[in-house]
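First comes the structure, then the notes that go with it.
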Amino acid sequence: MASLNCLVCRSDIEVEEQASTGEIVECASCGQEHEVQVESQLVSIALAPEIEETWGE
Amino acid sequence: MASLNCLVCRSDIEVEEQASTGEIVECASCGQEHEVQVESQLVSIALAPEIEETWGE
Amino acid sequence: MTASEGGKRRAAILGGSGFTGAELYRLLDRHPEFEVAFVSSESKAGFPVDKYFIGSIHKKKPSSLKFSKAEELDGHYDAIFSCLPTGQLPKIVQRVAQHTNYIFNVSGDYRLSDTELLQKHYPETLQHDYDGSFHYFIPEFCEIDRSAKIVNLPGCMAVATIYTLYPLAAEGLIEPRVITDAKTGSSGGGKSTTEHHAERSQNFRAHKLHGHRHRPEIEHALALHSKQSVDLQFSVFSLDLPRGIMATSYSYLKDGVTAADVKKAFYSAYAGKPFLHYFSSGSSTPMIKTVVGTNIAEIGAYVEGRSCVSIATIDNLLKGAAGQALQAANLYFGYPEEAGLQFNGEGAWP
Amino acid sequence: MTASEGGKRRAAILGGSGFTGAELYRLLDRHPEFEVAFVSSESKAGFPVDKYFIGSIHKKKPSSLKFSKAEELDGHYDAIFSCLPTGQLPKIVQRVAQHTNYIFNVSGDYRLSDTELLQKHYPETLQHDYDGSFHYFIPEFCEIDRSAKIVNLPGCMAVATIYTLYPLAAEGLIEPRVITDAKTGSSGGGKSTTEHHAERSQNFRAHKLHGHRHRPEIEHALALHSKQSVDLQFSVFSLDLPRGIMATSYSYLKDGVTAADVKKAFYSAYAGKPFLHYFSSGSSTPMIKTVVGTNIAEIGAYVEGRSCVSIATIDNLLKGAAGQALQAANLYFGYPEEAGLQFNGEGAWP
Amino acid sequence: MTASEGGKRRAAILGGSGFTGAELYRLLDRHPEFEVAFVSSESKAGFPVDKYFIGSIHKKKPSSLKFSKAEELDGHYDAIFSCLPTGQLPKIVQRVAQHTNYIFNVSGDYRLSDTELLQKHYPETLQHDYDGSFHYFIPEFCEIDRSAKIVNLPGCMAVATIYTLYPLAAEGLIEPRVITDAKTGSSGGGKSTTEHHAERSQNFRAHKLHGHRHRPEIEHALALHSKQSVDLQFSVFSLDLPRGIMATSYSYLKDGVTAADVKKAFYSAYAGKPFLHYFSSGSSTPMIKTVVGTNIAEIGAYVEGRSCVSIATIDNLLKGAAGQALQAANLYFGYPEEAGLQFNGEGAWP
Amino acid sequence: MTASEGGKRRAAILGGSGFTGAELYRLLDRHPEFEVAFVSSESKAGFPVDKYFIGSIHKKKPSSLKFSKAEELDGHYDAIFSCLPTGQLPKIVQRVAQHTNYIFNVSGDYRLSDTELLQKHYPETLQHDYDGSFHYFIPEFCEIDRSAKIVNLPGCMAVATIYTLYPLAAEGLIEPRVITDAKTGSSGGGKSTTEHHAERSQNFRAHKLHGHRHRPEIEHALALHSKQSVDLQFSVFSLDLPRGIMATSYSYLKDGVTAADVKKAFYSAYAGKPFLHYFSSGSSTPMIKTVVGTNIAEIGAYVEGRSCVSIATIDNLLKGAAGQALQAANLYFGYPEEAGLQFNGEGAWP
């Protein structure tokens, strides 16, 4: 279980040991989605991809 | 059981004894809806009301 | 409360031939726990309900129920849904109240309690005696009060605006001066309108810039549930769309309040509410097209510096009226909040 | 056929980031018996599917599935739905066919069999080897043929037109010369279009007056199921609407044929078909607005003297493509025909 | 004929507060030779004309003219334009005729002469005495008849259809059976409609499939000017647009008639007519968007084999009514045909 | 300045195949004093201009002019109108400037002068040398500066917003914090867009809530001409319309400022400006429909208490771009301000 911080509101985010890259975890305080990244056992998180909109203009 | 004829295609339409005024019966050949009318035991049918549209113009 | 034979609760709809009445009929007709036993219309009395509603053309077994005049209301109903024009229910409320456990009212009649404001915006409410009690009810924020016979739902533009401001006001995050620029489709005015299609079509124009009666309702509702009061400029515009509302609120964050505080306020207020979809992450913003035909409110808040833009979109006839009323009834009768309100069409695009 | 773990059948979508692919994803995602295990897109490969689809914004648990390139297709699928642009499937069909029981194809590739017509309208089909068999399948008229690996669905305007003419042709009621004036919304052309919103908006114009490739398809399909052949003039027009098709067919009744004969032909052909709503009685006529968002075809036939006007409306992305394909899959796999295709939003008005 | 002081001709508009009346007021107001001296409206009588018309908001010097009741008509006018609802002019025609040289009538009252058809479609015309003479007048095809006091303009959908068929019929190129599928915007029904914006919006539906009263008018007009008669199936559909008509006619060429014959017929009939733009070459097809706001009819004819599709688009309020009436008046008074009918806005795109 | 033969001034259009370029071509083509001698397009080079423009289909004598590549620009022009995408003109400005007296530029390149803001919003402007001078020019507020070779017109949403705020800021009537909620049609983004008609249609959504590059332009322009500066929250929304902008600004009056002060400020600023129609009295409010196709800005200001709502509507392609540029050229060359900018279509309703 890795303990990380929300990239928006700094609240603690718990990521389970067996989490795998690409999994989405939500911050429990502000709802921000993060994408889990596991590299040689090291767990980190990045902001999750946003809905892609191609509105033009 | 009254035996009547479809007002559109003339096919037989069976109306059950206990049918009451206002009930809708469909012709089994052409689908036309009819409204049952019971007057002093006498059963007859009329074309059922249509969807009422107020489109203007 | 008595359930009808077949175990379903008996429901009546007053003003059932109008836009919101038709939607309520459609929703109740598919609801697992209700059955519609009475639908009023003055002009269509005697005409079969399922032959009138465009919404019933795809029904395989049309019902034999006919419209009745409101005065023919008789017997007992578990719930009466009133979709009459504002000002009509107060005239008959004493009598109607005797026939039911609850009146779920989508009109404006019992949304305010201040006598002066009532006199200005809802004079009929004052002019007619009603010795029961009533309750202003937003499903997501208000306590269920089973002692009140009239459960009055919020206004459609009012509630969209409240969704944009509630977390900000409840947490006391913003300066009092707030501006809401609301845009609405044409069904918001009901079936009787003098505005021609050819005039509304291909246009965008102001509907009411000052003095809209949803303004005191919003201010009042926020005051009830908030740490702070707001001083609202509320203006409404007309879209060339049949359905849908967007309310866009502009506020300034108090000194020291951050974008993360705003996110936390919205998330904690709305997470878990089945029909409130707060866009917690990033770039998505509420649209009208994706809420039309659903009971969902899309909500987002976007901060830059101290400036906060918060937006909510709803379908005025569903989350703004009929769906909201059914959601309330579900809660009052102890049914799942989403019963009869999930539409598999959600998500069709484009 | 092998069902996947959890008992659900594994489905793949090719061309899953387009308009029809998105609808199929939405439908399969809620279907009780299917699970989507692969979605192809060349341009979005690697991007999470539920982050791309507007239709997924209201999903509570986004899936972790990502788009893959079509060439990455691997393993076995109970059903592969192909939503590629016309001309693409033939290039990879030999390989794709090895990974599935059935390919349900919404493109035009395997709708015709005449070599000359194929050469003219679907040259790619001829240019690439395919040693399996295929089957043109309209759910309401065609027999299930489980020996064919490719189940090719009809064209969207073709099928709307066929619904207007099938009973007349099948019973041999009309003279051969028939005219169809079809109108379509803008999603019919797929997500890649060069037509600007500002150009299509507030306009109504001809799209293709002669030579549309749905014409031979219609003539062929009617010939297969009919006592008579028709000689069709087929013209298509563009509506300022995102979705929906109306096909209006004009025919002349043979001498002696009556309005009642026409009614009987339509009623006997369509009564009991779950998605074909024939307006048997009177004044209702098919509209686009009431079929959008549904898998329903509204159908009517209106006779005066010897002149017959028959009309069908459908949603091009549902009954014209994704819904039709799922309806076919339901029939092929022995599920209820309506599984996953009932939308509670049906009937919303206005 | 007497010209008023300042040299301008005095014009009156009956039914001047409606859609076509407002357009006529706008056109006459800028016309170099006419001045509007009387505008009738029953409901707005006494109200200043330029305060009522949206079309006048940009006028720098609003006129002081007020609406009057039709019965207040007095004095002499060079031209009276009648924009009353069909059936109203016959009631007052005897009196109105005394006050003018010509009545240019956009209603249907004096379009037909067959008593049986009048009884069916325009009963008021028969019920009221009128001892003068009248003339059905399409500016491009009909002779000026200065002996007739009533110059009756064609119906808006009728004239669009006539433009699609006239060259074919006049030259006797087609088989008699012809089909016209016409689509119209919502202003075609006038300002009093019961159709709600929310119902028409986002829809496309049939308006009248059989029995439209423009059908006998078209058949009659073509017979007058043609070598052959046509047997017309005429159906009308409703567009979600405020203005504009497209008439699409489907005909079969007689044996031996070629595409070149059709081109020659259209070109020789329409070349040189200032408001008829025949697309003689290539791929352009008539659209609604490019004729709205103009007095132009776009016309095209497209042949494949023996099948001919001919299309015309017009603005129903201009070329279909007010513009056509002014064009007629220009011809009757000997002014340039285009006077007051050139709009520099033509060609705005998109 | 040299006039061409025939006495007309020679004009060139860069980026002439786009939306604003096409409008400029249409306007100049009818202008009494200009003749278009060069039109650039990279993709259409060699194609006849009048065969490309939809706006030319009704021209009786198509011109023989063909599109050229921008690099082929040669000879001398009295005026060059640049309608290139923002960022393109700076790349070639040194060369272009040698061929003309003035460049009227509708792109954003030379609207700002602050280096930091340029770096952020218009980096190309900084990256390319230009040793001449330029001038930001709003026809109604700015002095003519004939020493500047580049006359840069304002942004379309910027100028609509400026019209709502200029009198308030110029007279110092409001508190600094101002909010503008702007709505725009789809042609605002130019002909190359990735937004599909089916996606924009039947929707209303946010386009850009924070960080729009018209914001610094507005703040800057107001500061130049005003007693006070404003701190603007500027958000933009997308309408399902091809053309038209509404900017709605919300401000608070300073203590002691009255509704009458606001009226006086607007009236004195705008009375007499030929294209600014200030609704000085009463209940009229600006609409999009009545300005589309015109060079007019409708403007209104509505006060209740200390809250002021001011609104302006324009056609983005005319008053927001091509019309504005021609109005500027008229002023620079000493022609009547309205030359070539009066459309008789003004006032068509509905």
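Order as written gives the chain letters A, B, C, D, E and F; numbering starts at 1 within each chain.
Keep this in mind: a residue touches a chain if its C-beta (ideal position, glycine included) is under 8 Å from a C-beta of that chain, and two chains touch if they have at least 3 such contacts.
Molecules present, by chain and UniProt name: A, B = Lysine biosynthesis protein LysW; C, D, E, F = N-acetyl-gamma-glutamyl-phosphate reductase.
The model shown is predicted, which means the values in this text are computed figures rather than measured ones.
Shared contact partners of chain A and chain B, listed by label: C, D.
A comparison of the A-D and B-D interfaces places the larger number of contacting C-beta pairs at B-D.
Because chain C and chain E share one sequence, their contact can be compared position by position; here over half of the interface residue numbers appear on both sides. Among the remaining chains, the Cα-based centre furthest from that of chain D is the centre of F. With respect to chain C, maximal separation of chain centres occurs for E (centres as means of Cα atoms). Each chain gets one centre point, the mean of its Cα atoms, and the points for chain A and chain C are 36 Å apart.
A straight line joining the Cα centres of chain D and chain F is 45 Å long. Annotation for chain A: residues 48, 50-51, 53 touch two or more other chains.
Shared contact sites, meaning residues of chain E that touch two or more other chains, fall at 19, 187, 193, 195-196, 198-199, 201-202, 240-243, 349-350. Residue ranges of chain B in contact with chain C, taken from their complex: 22-24, 48-53. Of all the residues in chain C, the ones that touch chain D in their complex are 19, 22-23, 26, 30, 53-59, 187, 202, 242-243, 277, 279, 284, 290, 293-294, 296, 298, 317, 342-350.
On the chain E side of its complex with chain D, the touching residues are 177, 179, 181, 183, 196, 198-199, 201-206, 209-211, 233, 235, 237, 239-241, 244, 246, 248, 250, 252, 285-289, 292, 302, 304, 307, 309, 311, 349-350. Against chain F, in their complex, chain D makes its touches with residues 19, 185-187, 191, 193, 195-202, 240-243.
Interface residues of chain C facing chain B in the complex, by the touch rule stated above, are 44, 47-48, 51-52, 54, 57, 62, 64, 66.
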